[in-house]
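Below are two complexes that have subunit A in common, paired first with subunit B and then with subunit C.
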Partner chain A sequence: MEAQSRHINAVQVVEFQGRLDAHQGKQVDQKLSEVRNSSNQTVVNLSKVHFIDSTGLSVLVKGVKHQREQNGDLVLCELQQPVRIIFELTRLDRMFQIYSTEHEAIQAFQ
Partner chain B sequence: MDYSFLTIVVDLHEAVLRELAAAWIDTGAQAVYITDHAEVIISQWPSRKMAVCSAGSAAIDLNGECIGRLHLCGQVTDAMQLRLACDARWLSEIVQMEYELEKMTADLIDQQDQLMALHQLAQTTRVDNDIQQNLTDLARIASQLLKTEDAFMVLQTEGEAPLPVMYPLRAWWKEMWPMLLNELAQTPDKKQWLLHQNDGLLARLALPIRNLLVKKIVVRPGISLILGAANKIGGDFHAPDLKLFSTIAEPAGANLENAILHREMLDQARLQTEMELAKQVQMRLLPQHTPKIPGLELAAQSCPAFQVGGDYYDFILGQGDLLTFTLSDVSGKGMPAALLMTMLRTVLRGKANEMTVAAPEVLLSITNESLYDDFSEVNMFATVFIGQYDYAKHILYYANDGHAPVIYRPAAGGAVLLPADAPPLGVLPISLAERQVLAFQPGDLLVVTSDGFNEAERKDEEMFGYERLLQLVDQLAALPATDLMRNMFAAIQNFSGGHPQSDDQTLLILRRMEIQ
Partner chain C sequence: MQSRKLRIGIVTTYPPGAGSLNEYAFHFVHALEQKQEVAEISLFVDQLPPGQQYDLHQSGLHPTNGAPDVATVTAAANGWKTPLRFVPCWRFNSSLNSWHILRAVQQCKPDVVLFNIQFASFGDRKIPAALGLMTPALLRLFGVPTVALLHNIMETVDLKSAGFNYNPLIERLIRLIGWIVTSIVLRANLVAVTIPKYVEILEKRYGARNVLLAPHGSFASESTPPSFDLPDGPLQIMTFGKFGTYKRVETLVEAFHLLQTKHDAALELVIAGTDSPNAPNYLENIAKQYANVPNVRYTGYVREADVPHIFGEAAAVVFPYSSTTGSSGVLHQAGEYGKAVVLPRIGDLAELISEEGYTGEFFEPNNAQSLADAIGYIIDDPERRVEMGRQNYLAAQGLPLLEVVDWYLLHIESLLKK
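Up next, the complex of A and B:
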């Protein structure tokens, strides 16, 4: 699992690549824990993620729960169509703030 | 140089030397005697009581060094001096030979000791002992063979806490062993072993240790063993101790590896047995038969990817004309998912049994309330579909916490997905699911599967997907429910083409019969 993170103002942007599934769950969780330590505002850019399964979803759910407990948030952006469908079918789109672009997602924290 | 060695040789060969002295006395010498390197008399003839005064002497050598002298008393002629030098050389030869013999014997004894050590190790290190017992046995043998007051072993396994043992167990060991290891870790590790005798490190440790011999061996990658022997009885460690220590260490490591392998095999076998039992328990928790409901066709089956899984389906015949059924999928796989699945089952069944009217959204809400904290604690969730079918009125009430795919195929039309209206159970503190109502006509079909169906993959990672699933239901819709189920599993298997199943696959079918 490739992951890149960057700081934009007080917001930590994380960009994953590939599949967010049971095999990558641990690494994704570690990466999200790392960025949580430096900011309570996380943007997860999923533009390069073409598949997500229930383990991947549960790691993101853990992330959003944690950030909200810290009075922050974890928001998502740039979902590919198959990933967007998963969020819609599981209605996790009601749990997460989802934005079309990274810029919008960062703006949401301003 | 061992100067006392001449005394030993003189004692050993006393009879021959007495004859030699007698021959000298017969040919005119008053007395013969031998002194050591400090000119102290070792032996003299004819009697030790007689005062002697050297009139001539010759050196007795060992390894080219003078270790004593052979003396004559009385008148000594040149010829006698020559003969005396010859006798001294002869005596030197005997001393040299005895010395070589002694050395060979010592080596033999060393080798014997080492063979004994190997034998004892083989006898003691048994695979059926636990690792701690093996380590204790090794420490005991090391202390016996090396003749030390103390010995210790520390097994270091990557990612695990070290396992330290000491023989005999001293009061300071429990508190002090980490410091001891830490100090040793600072020492350059270029040699095969580390030897400390009355040095700075021992002074710094301030432990009752006079001298210390330590060796670290790699049992296998990721596992190493530190062997230590401390407080040599009667003095310091010498070269033979180091040799013996090395002889003990290598087979100790090999035997320990065997014991570790044996333990791992046992653990593996135990785990497999437990998993098999868990599988049987979980399969027994699923309905053993589908209920017989007038006017309804039912079929369901679950096929976990591993021995146990997080998928769950159930039929609960409550009070009145109500059939409650559910299909849920706990996030993740294997044992963690299976544990939560059993919790979910218990709560759902308990609540469903109490219900007299259809209220699936209430069932989800109560279940979410009961399990939210536990699910949050372990960062997992479950997608749950709950249907309550009133088989007198043929109305399906359902609520859905994030579960997909749920496929509805009316007799008059094509298959469609029934979307969930709330996130999965365990995600939010309250369930947002609402009650949905669907009047079931004759021939109407409901197919609920877990995502193991739509996410089934071919070798090229292409997934079966929702579209194919809907088409499949349309193609097979005319079949009786059990045949439909069998064919759907077969279609998924056929699509995967031998690609291993990575997720649990569960299917539940409900159809209102055509002919009443």
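Up next, the complex of A and C:
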């Protein structure tokens, strides 16, 4: 699992690549945890994630819970269709703010 | 912004109650009470037989006010973080359960009520079973937000194997009643199921838009890997559950008999658990029927504290199912204890195996020779047994219930905001 992060104003953008699954869960969790330490506003760009399972979803759920407890949020953007289907199946698409583009996701925090 | 703390009610069975899903309830509640956003949990449980009571001290809990049927428990004594209240208010096969649960909920006033149910939770007689399943809709009608965790759906249950079928006409009638009852269950604010196929069926056949997929979750917490060594003495082949309907042990005992005739090593068959509420005296009759088969041990009800011991000593865990009614909690437990498993080639179990990373030996249902062969492959090859156990342990570690309950809390908070 590759992950890149960058700061845009007060927003931390994290971009994952590959599969977000049980095998990568700890790495993803660790990355989100690092990001949380520097900002309570996180954008997770999933444009390069083509597969997500329940462990991957769970890491994101943990992330959004934590950020909202800190009066911030974790939002998602650029979901590929197979990933979007899993979000819809679990109705987690209604629990997260999901944006079509990274720009829109960042703007949501402004 | 920090949400206010939640007062959660759960309609369920719970140990030492022997009703189905009691073990799942125990682990679900234990996970839920560890969450800081939960202020209080009220368990709307079934009334126990005379002489039994919810063992408030089992986990070191102490009742703080002691009405016989409504006990509030503080959790400080054993490290549990959230006050827990047992409210025994319904009875298996009573037609008045909906009314009694509604009254109890109105007294306790939880913010939301979860239902840990399957289609036969409230009875093995059709009318009480159906009436009980109307409770989520009834509570919602009275303004109580409800979330139903439905462990199975009628469409995927083999009614004959589950003990409900008498003839094709009656089966069609039961299916029709099932369709009506399912439609009513879907009147809950949210309905969670554990298998993707169930979501598809409920959306397509019922036009439901309030169904979500939630993982079953493993019962494991941050555990250390189990030992894959076995104790001295006979190799134990174990089955665990509530028997008599779609979990039947006749084929297993016959397979065990075949195994004993072919193996020099000492073997023991451990049948751990009780009769299904739908099949009273089943195991007693089995013990009589197979009195000629030696080295079979019937444990009776297994207390939660004894579960690790029962699983830990088993060389293989067998699932003598003729059909399944949902994602198997026992499979998750077998994984948690690093056990090799023997499974029938049927519906949900095979799906679960492939989707969740478990592995097992498969046998043809109701075929003693096939089952004996499958068990033999495991007990004859210790390396294979350990390797299967290791893979199942890793699969069980995938997503603990502790994380699954976060999903529920997120859905509940969203529901309460509406």
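Keep this in mind: the second predicted complex is superposed on the first by the 110 of 110 C-alpha atoms of A that agree within 3 Å, B and C clash if a C-alpha of one lies under 4 Å from a C-alpha of the other, contacts with A are read in each partner's own complex, and residues count from 1 in each chain.
Keep this in mind: a contact is a pair of C-beta atoms (placed from the backbone, for glycine too) under 8 Å apart; a residue touches a chain by one contact, two chains touch by 3 or more.
Owing to the predicted nature of the structure, the values given are computational and were not obtained by experimental measurement.
K.L.:
Overlay done on subunit A, so just call it for subunit B and subunit C: clash or fit.
P.N.:
Aligned through their shared chain, the two binders clash on subunit A.
K.L.:
When the two structures are overlaid on chain A, which partner does A:68 contact: first (subunit B), second (subunit C), both, or neither?
P.N.:
In the superposition, A:68 contacts subunit C only.
K.L.:
For A:22, select first, second, both or neither according to whether it touches subunit B, subunit C, the two together, or no partner.
P.N.:
In the superposed model, A:22 contacts both subunit B and subunit C.
K.L.:
Which partner does A:58 contact after superposing on A: first (subunit B), second (subunit C), both, neither?
P.N.:
So A:58 meets both subunit B and subunit C here.
K.L.:
For A:92, select first, second, both or neither according to whether it touches subunit B, subunit C, the two together, or no partner.
P.N.:
So A:92 meets both subunit B and subunit C here.
K.L.:
Between 273-281, 327-335 or 363-371, work out which stretch of subunit C sticks into subunit B after superposition.
P.N.:
Stretch clashing with the third chain: 327-335.
K.L.:
So subunit A touches subunit B in one structure and subunit C in the other; where do those two contact lists coincide?
P.N.:
The answer is residues 22, 54-55, 57-58, 61-62, 65, 89-92, 94-95 of subunit A.
K.L.:
For the complex, which residues does subunit B have touching subunit A?
P.N.:
Within the complex, subunit B contacts subunit A at residues 329-333, 376, 379-381, 383, 401-405, 417, 419-424, 427-428, 432, 451, 455, 463, 466, 502-503.
K.L.:
Flag every residue of subunit A that touches subunit C in the complex, lowest number first.
P.N.:
Interface residues on the subunit A side: 22, 54-55, 57-58, 61-62, 64-65, 68-69, 71, 89-92, 94-95.
K.L.:
Given the complex with subunit A, which residues does subunit C contribute to the contact?
P.N.:
The touching residues are 1-3, 190, 196, 199, 212-215, 357, 398-399, 403-404, 406-407, 409-411, 414.
K.L.:
List the residues on subunit A that touch subunit B in their complex, please.
P.N.:
Interface residues on subunit A, with respect to subunit B: 22, 25, 51, 53-55, 57-59, 61-62, 65, 85, 88-92, 94-95.
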